[in-house]
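Next come two complexes built around subunit A: one with subunit B, the other with subunit C.
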Partner chain A sequence: MTGKRWVFISTLAIMGLLLFVPSFHNDYINLTFRNILMYAAMSYGWNLIGGYTGYVSFGNVAFFGIGAYCSAVLSKTGVDNVFADVGLALVVCALFAIVVGLPILRLRGHYFGIATLGVALGLTDLANNLDFVGGSGGLNLKQADQAHFYLYYYAMWAVTLVCMLATFFIARSKLGYAFVAIRENEEAAQVLGISPTRYKVIAWALGGMMGGAAGAVFAPANGFVDPGTAFAVDNNVFPIAMAILGGMGTASGPFIGALLLSGVNEILQEKFLWLHSLFFGAIIVLIVVFLPRGLMYLVGLRGGVRRWLSDLRAFRV
Partner chain B sequence: MTEARDICLRVENVGMRFGGLRALDDVSFEVERGTILGLIGPNGSGKTTMMNVVSGVYKPTSGRALFEGKRIADFPTHEVCHLGIARTFQVVKPFASLTVRENVAVGAMYGRFGAKRSGKDAFARTDELLESVGLARVAGRPASDLTIPDRKRLEVAKALALDPELLLLDEVMAGLNHTEVDEALHLLRAVNERGVTLIVVEHLMKAIMSISRRVVVLAEGKKIAEGLPLEVTSSPAVIEAYLGARFAKRQQQERERQT
Partner chain C sequence: MQLFLQNLVNGILSGGILALVALGFSLVYGIMNIINLAHGAYIMLGAYLAWQLFTSFHVDPMLSVPLAFVVLFAFGYVVQRTVINRVVRAPVLATFLLTFALSLVFVTIALFIWTGDTRGVQTSYAGANFTLAGVTVPWAKLLTLVVALVITGLLYLWLHRSKTGRAIRATSMDVGAAQMVGVRVAHVYGITYGLGAGLAGAAGALLTLSYPLTPTMGDPFLIKGFVVCVLGGLGSVEGALVGGLVYGIISSFATQFDVTILGQHLSGTGLQDVVALIVLLLVLIVRPRGLVGRATA
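Right after this comes the complex of A and B.
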């Protein structure tokens, strides 16, 4: 399970390089990379429940949205501090994950995924109709000036780094083994003393906190939050696709996936303004068909094309 | 028996229904601490169902199973191993993406003494176990790469990692060849000598007869015989269950003719 050490070290090195992005003094580059980091953090959040425990969630955008709205509400009450934003998001997301997770994570397999869809949709509707958070019109936060613009970049970078390191250490801890045991065989895990509901809720809550932290930094950086941006479909789908491309259940996968998929998306958007979503969707389909275990799997592959084909067959009917 | 026996598992009138199917019907037996009980019976006789009841996977629809005086059904499945009961699965269930060592370590981390163990301690315990069951040579391989006998060994190692007092072995010898069966029997005796009580479910009559102190025979969900291995195999009810009524009758007639 522990994967290749050099891959993770390379990932950290790339992460280190991203620290120098603000020195380009280019708002477009800054924004692009801040988004990559944001998606990476969300992807790490999804990866804990979807990749490690194997419970595919289609509602993790809920946490991102909650985090964003936490910051918006704090800003409304006059608090303008990124640490407070992230702190509140962590607490609220963890509580929300536990309260919602306890009933829905008792469900096995696909039913959990369906239930999470409901969670995301329900929260979008709630945000649309709560006047307290601006309803469908959304909320304006204090507009970020240039200094803050860079501050939020570093904040997003720090959030992503923590997600990455947390995933790395969780995967090597007792906790990580409980998650993977549930994914590989829930009944066998149970007989070995693992309470599936408890560990699934822990995975969901930790992942939720990651997504929430990303949302909490996004909102003040963006200066505006409404249900459409907080609970955007892209924010739900991209992190999943990124984790799959990079490699589910690995500590490097989500970041590598975010970097590559965002790059591809940028290029497609530039070349094919109208059809880029179509091409982007096609790429996701191709990944799932030919590389269901992601790039990290290729890195660890011994036995060349033959092994790849025989492993692929294992995913077929 | 006059002397007081030290009973660790008491199965009292256990019944298990699945819809209209009576998988177990009023089955009772006891297991003495430190012994090996053989549980045999033809296909579909309820052996695995009984394993599932004793390991807490199923809650019996009637009767009860008591381990050290505690009703097993009162505990959620994941806590039964903390009572000191471990089991193997007839259809082996390895964690395929984990290595052999990691598979066993999960048991050591979350089993009876798991809460007291750090990850490092769990791996240390695992290495001892792998050595004793003969899996040390494949410790670093993914579990999905193992041969059938090694998969069975892995099942036993995972169960032992829970530090059980009572170990339920569900057909760990099925599919093994003659030498492999002998190795398995040797391993089970060694485990038993370390003080672990065993319930061995098996199809192979020969294997079970050589290892069990006592034998319980199930057929169509009912207990049809119990006793010493030799007593049980000569019981007409057992012969009938295994070989059919006509065969049992003919044997009976032959025996009468001889006397």
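Right after this comes the complex of A and C.
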């Protein structure tokens, strides 16, 4: 068993422990951990396209927003069922990913990134202007009572677990190898008979479905959706930051990153209400400067401190 | 016709400042492959510098523009030499996250010093405008455009004529070859990032004439700058200028876009960024390297 396999098993063990969070009967703890799980699920979604396939998206929040609005619209029509919410979000996100993905996945590198950012911003503006989703005022969903509050925790937990396991198994399947082949060299992959367009759209759609599922659970749990919460800038940047900190293109990285970053943020917020963002930023700066490839890099590292320092030196000018 | 001209003028006026915002972002992006998420924070710092000088010493924001450039140039140079240069060759997302964190730090410091209250600079010419052939032109915006164009022109000349400018362009073409002919890459990177920050600071000082100030005021400009520099083509002065003007004109005309679909009224003022972004997508699909981007291997 390799080190990475052990880390993944530990990650699953932590997930198992998180199942007991509601037994604290503390709303603050419940909310905090639900947010960690939500960010982890979104980070897994980004990781498939950005980490494994190497197409860095700056607009995956679009899927989270679509998922949230799917639940809101369902609730408006009288359906308040978390399974229906997630189901609808999965279908809509997959369709949206295919329709949008076919043209924009022709773009390479930064141009793809900016196009995805454009998609997310465009959806935000649309949500602000369409009346049937409440416009800028947003939509109220049926308020979660105490029993539901815990139900949504478990729902988010399940979504995250599925994202984690799906990532693990995809990475070890033909699909995952095709993603990595495209990341490493798209032309070479094509020569080997991998259709880049097809696999890029699959990665983008699967990742989008993960983000959409997280959004679909978030909306009823939150009880309210507006463009500001559904397409929040934090929801766009944090999942990327978490995947990078944990380790891009790994099955454990996003979860570790989410746990670490949210944990640090939460502690700082409690200790320094005013200046917490300052320390939060400073800690990320230190992590990037000393671990630019994320925590999972340490797991595969052979050669100890000396190797680490020489790897770091390769990045400076 | 009158409306058409007015929209065109509005677009050009707002496009000039967008070009200036995109210019610094584009330089840093094109030359060092850094997606500088702290660019918005530098705009904000330049704006607050101008505001502080105006409030404390009654210095006109126009006079603060060169000062903001110099101060933020020095600041950016130090940031690049002490922090970013350490990971500049790491995968692009490392610097992406790094500059995001730096921006968080700068915005929090600004929040601490100047609080989150919305501030503004009231100059004597703030509301003044003149009318030419039926088209209304606000003086402040015209002045902003002129200064933005002058800075862009000076930068173009400097990049193409001066020794340091040529060193910067050489480094962007081939780091190894530049190093071999004696270019000090660490220093050149510092200068480039300093220029990016300085241009952002100058843009921020100019923006105080027509925009309110908050510690997060840079965010929308960061995103627009990002879009504009991709629209025009990365890393070139011409690209930023063309992209900025095109973006400004499109979003200005988009305000006239008023439609009702299936009983749903869509007003152009709320959708101007959507229209601009759709145009961006179309441009990228037809010209994947931007409007004036050159084809590279």
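Methods note: the second predicted complex is superposed on the first by the 303 of 317 C-alpha atoms of A that agree within 3 Å, B and C clash if a C-alpha of one lies under 4 Å from a C-alpha of the other, contacts with A are read in each partner's own complex, and residues count from 1 in each chain.
Rule of thumb we're sticking to: a residue touches a chain if its C-beta (ideal position, glycine included) is under 8 Å from a C-beta of that chain, and two chains touch if they have at least 3 such contacts.
Small disclaimer: the values here were computed from a predicted structure and weren't measured.
Of the two partner chains placed by the overlay, neither subunit B nor subunit C lies in contact with A:L273.
Measured by the number of subunit A residues touched, the leading partner among subunit B and subunit C is C. Of the two partner chains, subunit B is the only one that A:P196 touches; subunit C does not reach it.
When the two structures are aligned on the shared chain, A:A188 is found in touch with subunit B, with no touch to subunit C. Look at A:V180: by the touch rule set out above, it reaches subunit B but stays clear of subunit C. Of the two partner chains, subunit C is the only one touched by A:F132; subunit B is not. Residue contacts after overlaying the shared chain place A:V305 against neither subunit B nor subunit C.
Shared contact residues of subunit A with subunit B and subunit C: none.
Interface residues of subunit A facing subunit B in the complex, by the touch rule stated above, are 1, 172-174, 177-178, 180-181, 184-185, 187-196, 249. Of all residues in subunit A, only 50, 56, 103-104, 106-108, 110-111, 113-115, 117-119, 121-122, 125-126, 128-132, 233, 237, 240-241, 244-245, 248, 274-275, 277-278, 280-285, 288-289, 292-293, 312, 314-317 touch subunit C in the complex they form.
The residues of subunit C lying in touch with subunit A in their complex are 29, 35, 83, 85-98, 100-105, 107-109, 111-112, 175, 185-186, 189, 219, 223, 226-227, 230, 234, 264-267, 270-271, 273-274, 277-278, 280-281, 284-285, 288-290. Contacts from subunit B toward subunit A in the complex involve residues 55, 57, 76-82, 86-87, 89, 93-99, 102, 105-107, 109-112, 114, 118-119, 122, 158, 161-162.
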